[in-house]
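What follows is a group of structures, each given as structure tokens.
Across the two complexes that follow, subunit A remains constant while its partner is subunit B and subsequently subunit C.
The block that comes next holds the complex of A and B.
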């Protein structure tokens, strides 16, 4: 493999400049891997022609799993035979994306032997992405990965690999143990994760506080966001320290509070917790002085997604507050009621958010046996076309007596 | 499958995270009291018992070779007892308890080409999709634009010099594997011509009822072409979403003459101050111009500069524009407003200005 790398005048331009260069990465891998060498070549051609050269994924995978491998073939195999097959493997990341180097090095060794040597750390959903191998390598890779304690992530119409923020491991704001919950749900739903049987994908994301560091409100079918019910903890002396260090408490905190529930007289910071919206701004600005309360848990929102098919959605509230304690039985029961309904009544490629748009949130709540709560809407309906399901007939009242 | 079936291990799930936690992290799990950002990319977390952990955050490229991962592992071995983590935005974090290691680690990271930063009111690494590197429906490349933009804005990664944080994301088509739709700045690949139908292949490669029902605007109808079952597209109704292409490879949307990039701004996911919001269209179309997409870079830099020069402290792009109003944004940024900015899909009416509260 000592032969030279292909000429890539356009890609070479992307080795210039201070930010880490993906082209240099591919070149490093290409010194060893014929597939990465052809990847350079085919990518250069895409840059010249302004069009991609990959075809739709075929159905490839490992025995007994319906997800975890994305089949990929190029449309010019005669010119780039080493990327004729260039399948992606999704490897389920450990919660919080923590690693020890020995584990990472073992993955690298497998990927050096059996793949292109290119990865994504990590993919959009959270998996380790091993980018580019051929069909015959899939089973051996799977066997070697499981031997070092790793398993595949989700793809297709299944539970996608759940992900979480680092939560209580390093963040003082985490209102519940996101890594424990993420790991627990992932382990519990292995069958749903590996064997697609849903109308479409279903993503869980676990964020420890309303700052929502894993973007769950925008990117998860079920967004589990930590929050608290009691009062923000205030260390008045520390507030004073921030003020003397130059923080303009009125301008930077009180005036920016969306609930207008704060008051600062230069000595004492007061918060009307009954109208505080748990937005995190004040806590973010003065982490030494303010902390979430102690009665912590999560709110659960449902249904966000990217535009495909019917338009983008943000998640919306379905459980305003719940304690987050293992084994999370109440949430599991809820999830399973939702899946049963969606599997029976959802259309092909209809995400849960779109399903709710179609049947109506009120009806959906009824079907999954959840009581409506005022926290679930931004405001009550403005539209007076109300569907009532029952009405009286004359004489009915008497008949009942 | 010539081999006799071996006993396979399946459904073990991911390894338990606990074995990977740095000792000081494991010890103080759930016991953190507060944190400080010492400088861009360097954080100090303090536990109730006074223990302190230092974190150094380096920018990564999402596309990494195993060679680079091994170099990063070498640094983790040298500085952090073999522990490291990645953030949700492709950054790499090293955690340790000895403050004195910070500067040498930063210097070593520099040697392998990785800048330190991305904390607080700054720009952090761009989350993005595969693009021409690995995707069949990409309307643009992802990594090339990301690299070019980050080269231009790296100053805002290495310095916390912005009014608030700025999250940039790129998706190379409307599928948005990167769900970019709630970003401060979203760079989105778009197709602009209706699918080219391969009538000879379609009946062999696709299920016609699926193709018909895939279209959100009902533009696709079954038909027969040269005696073969196929489909037609009512081009007036096509909004180039590529839903049909997703279910049918014989309906090609990719097209070098028409594909390009759009820019959307003002979204956020955090609840801090303003509720989460979608990004809104700023620039409908910029031609693909590889290898460095200078027009896209210039547009992103312009938006950041205008925001930086006009916003108040803590105002993210969307919050700033909500205060000053979109007409002022278009005026200040010099971006032209036109027909493409006006929504015409479902719920479009909700985006019309329905009051006389106007700026001039």
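The block that comes next holds the complex of A and C.
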């Protein structure tokens, strides 16, 4: 049957080289799936004509949900009838992406029966992505997925499927239980996840430590990143062992510390924890000698996004430290205040980070009832949004004038 | 204190808004909520609006659509959905 595949000279170029190729994967799927075969054909045509043949969006979904299905239709169905509809389904992944092979087999069985058989494990959102099915298959797929314990993820102007690093399940640096928090938030915000009610998307990402393995600082509207507020734990003997083994502690650690809060005299490593930025660099270089402190929790940041409507943004700190203990009520209250404000004042397709830029972080903090703190300021005098009004006595300005 | 408006009444009002806007303007869930709160004032709260949106969706009087963002519209045949 491989002989029957369409000729794809341009796509074939993408199979060359040592790296994996999505073209090879589609060709493999095309041996069993007519939709995948037509996908090869339409993609080759797009490459040759330099024109995309897909229309994205419109009406598709399952009853009651406004997210989880991304509609795709092609504009040349007469030539590629098996991809006339080629909808994507986002399935909410388990926290930490842990599966039993049995669960994966069941998902694959459903998808080979009702879709193209092609998956993307996982999409940049973190979801399980099932690529390519037709409108009439959506409800049966949803029914079969829920029967094996899976639900659709987010898409559109809703809470996107929360994602987290694997946290305490495998990582010794995790400062809180990211999987528990992610699972809790996913369950708590089901309504917001399935029924789009926001100006635009809103993403939660949970990282267990400042290494930020899920890149929440760059991608999440609300980044919840593990940290600690006491001192880095030091094993001086182990530091000495690293030095003896050839690690240049001064060059590789002390000089690269962004806060310049470390000192090494050849025998003892000293850290001024009051100025430490919790960047993890020293801990990453000498993991046997240094560990995060014991008083752990998380730092909450807000506003990052990838460039879509506007340019990319990184998150800004709004809560320097909070203990991460169920039921996370303080965070939930904060989230509610942020959503209320954003829904009332946000423009269509305006992410929370863009909204903050428009109204100003100082005003935003005031509106969500969060006190400014020094940790929100990257460099003194560079973030002039904090005004210490108590320093100005009434009539002072008039007197000066 | 003013009597609260029922979810059913809000749902009906929202449905009419969507119907009147169809083909001219796409409405988001938050547009419907804001409009309803403007009309009924403190006789309605956000939760009632949420429940009303859920009702018009689950009774299939309206559907969610996606065009860059998510909107609520009357069910219609998707223009790009070639047979």
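Following the convention adopted for this analysis, the second predicted complex is superposed on the first by the 373 of 401 C-alpha atoms of A that agree within 3 Å, B and C clash if a C-alpha of one lies under 4 Å from a C-alpha of the other, contacts with A are read in each partner's own complex, and residues count from 1 in each chain.
Keep this in mind: a residue touches a chain if its C-beta (ideal position, glycine included) is under 8 Å from a C-beta of that chain, and two chains touch if they have at least 3 such contacts.
From a predicted model like this one, the values you see are computed outputs, not experimental measurements.
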{"item": "Superposed partners subunit B and subunit C on subunit A - clash or fit", "value": "fit"}
{"item": "Touched subunit A residues, subunit B compared with subunit C", "value": "B"}
{"item": "Which superposed partner A:135 touches (first subunit B, second subunit C, both, neither)", "value": "second"}
{"item": "First, second, both or neither for A:213, with subunit B first and subunit C second", "value": "first"}
{"item": "Partner chain in contact with A:157 - subunit B first, subunit C second, else both or neither", "value": "second"}
{"item": "Touched partner set for A:166, first subunit B, second subunit C, both or neither", "value": "first"}
{"item": "Partner chain(s) touched by A:191 [first = subunit B, second = subunit C, both, neither]", "value": "both"}
{"item": "Subunit B versus subunit C as contact partner of A:339, first or second or both or neither", "value": "neither"}
{"item": "Subunit B versus subunit C as contact partner of A:11, first or second or both or neither", "value": "first"}
{"item": "Contacts of A:328 with subunit B and subunit C, given as first, second, both or neither", "value": "neither"}
{"item": "First, second, both or neither for A:55, with subunit B first and subunit C second", "value": "both"}
{"item": "Minimum C-alpha separation between subunit B and subunit C after superposing on chain A, in Å", "value": "5"}
{"item": "Subunit A positions touched by subunit B in one structure and by subunit C in the second", "value": "55, 57, 63-65, 191, 348-349"}
{"item": "In the complex, subunit C residues that touch subunit A", "value": "28-30, 33-34, 46, 50, 53-54, 57-58, 60, 63-70, 73, 75-76, 78-83"}
{"item": "Parts of subunit A lying in touch with subunit B, wherever the complex brings them together", "value": "10-11, 13-14, 16-26, 28-29, 36, 39, 43, 46-47, 49-57, 63-65, 72, 86, 88, 92-105, 108, 111-112, 117-124, 126, 131-132, 142-143, 146-147, 149-151, 163, 165-166, 168-172, 174, 177, 179, 183, 186-187, 190-191, 194, 210-219, 252, 256-258, 277-281, 284-285, 287-288, 291, 304-312, 314, 348-349"}
{"item": "Subunit A-touching residues of subunit B, taken from the complex the two chains share", "value": "6, 8-17, 19-22, 25, 29-30, 32-36, 45, 53, 55, 59-70, 73, 76-77, 82-88, 90, 92, 95, 113-115, 127, 129, 131-138, 141, 143-144, 147-148, 150-151, 154, 171, 174-182, 210, 213-214, 216, 241, 243, 246-247, 249, 254-256, 259, 267, 269-276, 278, 288, 290-292, 313-314, 345-347"}
{"item": "In the complex with subunit C, residue positions of subunit A that touch it", "value": "55, 57-61, 63-67, 70-71, 73-75, 77, 84-85, 135, 155-158, 191, 195-200, 340, 343-344, 346, 348-349"}
